[in-house]
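The following blocks contain the structures, represented as structure tokens.
What follows is chain A paired twice: with chain B in the first complex and chain C in the second.
Right, the complex of A and B next:
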């Protein structure tokens, strides 16, 4: 190997990398919050007796899950303004990632709901809980417990997806690495640093979620 | 045949061969090209308006038209050209190894390169311009400059891309995209108010999409474009320079002017009749 590593350029620009990482985390958290809301609404909607909500959710989930995230991002950022819907740069990315997250989280929550034992629901009905009380005090806790492991994986994968924001010139971690590349040609160092930062962050998130899983009440 | 005689004969042969080649070399590139009956031009294939293939598969572009001026001057026939497709990093090596007689490939003149090849007189001065959507919020660079940091400019990601834009618009926000098409999409979708791009690309886009784009009316970051020939072929270089000069200011001006207007959308300045302007 003739490549000689020089981390000087990385050291000089490390604050840019950290800024990019922080921005990526902020984007991910915002998208996950909105996505979770969408996911919960959609998952509970499929429980309704009426057929229509279930159908609509089905269409939403399969439409989004069968479209590449990159295409959604480019569509929202470049095409929507031409159709008269104009979101800011960061907002448009959070919106894209949120509707993408929503579709996956709908499936996660639906699986969690499916795992709630019939008997527990019947027992809740038997003691006279209303539908809302049933959902809030009986179904939800068990559902959350059921989907914690799958939620963790989805959150981590959504955080990694923030790297796609580089395409629309959002200065997150991948963008910073690419920029340093063109400016200093320290190719291996720039991408190695970005990879390590992503890896470390994902491992930290995973460890945190495992703690949460351990402490979450078991039923 | 004894050894002495053989040596003498071999020596004679070598001397004859050497002098034969020597004569060819003395005759020079210009004579070689005339004897060959066509000129070999190093060029690229995919960079309009400089050099590209049209719908019929013919080589066209401003670089191609410059080569045609030479062929017409040499043979009275502008089709006597053999184009050699070369990557931009092959421009200098192909000249040095005589694979091509001349390179006309949007080549930026630098003092460093002038030590490796001889540059002809310039035929274009490239620069950066501001491309805007016609009828957009801002009409010119001055308006954008006045608007300060309310303006967003898209640019191809590059070293000093931000500094480059700030030379023209000191306070503008700069969005760096990784490819040309993303940069233009940003402009088309209103994500940016202007795209900072090569003046020649800007003019070509305006020709291709009449009425859709506007020029910010300001060019900066100048770079001179010239053709290049092998070093030391002074006769050949003189010929090319004269042919180009008479194209741009003399007997071939009508043809040249038409070409320039085709590729850049504007007429070149009319040569002043009377005292030659270049000697002023």
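Right, the complex of A and C next:
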């Protein structure tokens, strides 16, 4: 093997890598925010007495969970314009990632809701809270705490999934690494840098989450 | 609709080939990954630190890197290192390693939940450690591993779509080629999604069956 490492190309383009990393984080944050909204709506919908909402949510969750994310991304980006829904690259990616995250978060929030003790809800009813007040002041704080670890892992996996944005030419980290790879042929350096940046970010997020979980002790 | 059926008829063999390759890749990578994962899991649970630490580091690294990056890295890097693998092979390698790391964690979790007294009991009746593993620990761990294992299978079917990026002619790449010819994005991406949905629904059913079959009554 006659490959000698040269990190010059990486040093020159390091700001591109950092830009890619930041873009990936922004995409992941946007997706988890929208996804949380979808997940909350769906999870509370399954609590309703009527059968129809939880049936619909069930179809949504199993349809999305059983379809590869890449197919969803390509479908939203290439096929929806045929129906007259034209989205920009970033919007369409965030939309795909958000509906993908929404399906997983629905399950997370549903489990979190199931973990709210029955007695607390009864106590809330007993002091005369309305259904909405009960959900806002009693159920959701406990639910959020229950969901915190799963929310964190979902966020980390969403951040890793932003690498798929490279496929529709969004200039995030994987795209930058691939670009450098083909432009300068510094193959090993490019992928090592990208991998290390992903790894370091994931570890940092995980460490932050552990701190957060310690700050808010379990109910 | 007629137009779509006509195009579908033209594309039937391409789609069938893609579907077969997708299933083959998924099956092969889950088998290789499970074997890697089994050793990694045993090493993580019962290994002394010189064995445990490197495995721990490798598993954490692999889990912290996106699968797409793993696939691209193994595709581009190995050629440079003088190892010539085809796109399918390097993709398979990346997926197996990815699956191995995840299975390693799953198997570690399952093994750690078995009380240590089981090992003592095995020793007391004179079993060597490999025998304790085979006859005592692994059968009990299976209860926890099986349902998750099946879900990992569904994850791998989904991850196999990423191999389209390095030019492996699995279902998604075949679909992209077909779409590139006839521009019927809605129909063919929809069909592609539906096919993946069907495969994974079957796997999901199997998972539910497995968790019922292996549940402790």
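Going forward, the second predicted complex is superposed on the first by the 215 of 219 C-alpha atoms of A that agree within 3 Å, B and C clash if a C-alpha of one lies under 4 Å from a C-alpha of the other, contacts with A are read in each partner's own complex, and residues count from 1 in each chain.
The rule is short, and it goes like this: a residue touches a chain if its C-beta (ideal position, glycine included) is under 8 Å from a C-beta of that chain, and two chains touch if they have at least 3 such contacts.
Keep in mind that this is a model prediction, so the values were computed, not measured.
Once chain A of one complex is fitted onto chain A of the other, the partner contacts of A:211 are absent, as it touches neither chain B nor chain C.
Using the contact criterion defined above for the overlaid structures, shared-chain residue A:191 touches chain C, although it does not reach chain B.
After overlaying the two complexes on the shared chain, residue contacts for A:179 are found with chain B alone; chain C is out of touch.
When the two complexes are overlaid on their common chain A, residue A:82 makes contact with chain B and with chain C alike. Within the superposed three-chain model, A:202 lies in touch with chain C and out of touch with chain B [touch as defined at top].
Contacts of A:67 after superposition on the shared chain: chain C is touched, whereas chain B is not. By the document's definition of touching, both partners, chain B and chain C, reach A:167. Considering which of chain B and chain C touches more of chain A, the answer is C.
Touching of chain A by both chain B and chain C, each in its own complex, is seen for residues 74, 78-79, 81-82, 166-167, 178. Partner chain B is touched in their complex by these residues of chain A: 74, 77-79, 81-82, 86, 89, 166-169, 178-179, 182-183. Across the complex, chain B meets chain A through its residues 154, 157-159, 175-178, 182, 185-186, 188-191. By the touch criterion stated above, chain A contacts chain C in their complex at residues 1, 3, 62-63, 65-72, 74-75, 78-83, 160-164, 166-167, 174, 177-178, 181, 187-188, 191, 194-195, 198-199, 202-203. Those residues of chain C that touch chain A in the complex are listed here as 60-61, 63-69, 72-73, 76-77, 80-82, 154, 157-162, 164-165, 172, 176, 179, 185-186, 189-190, 192-193, 196-197, 200-201, 204.
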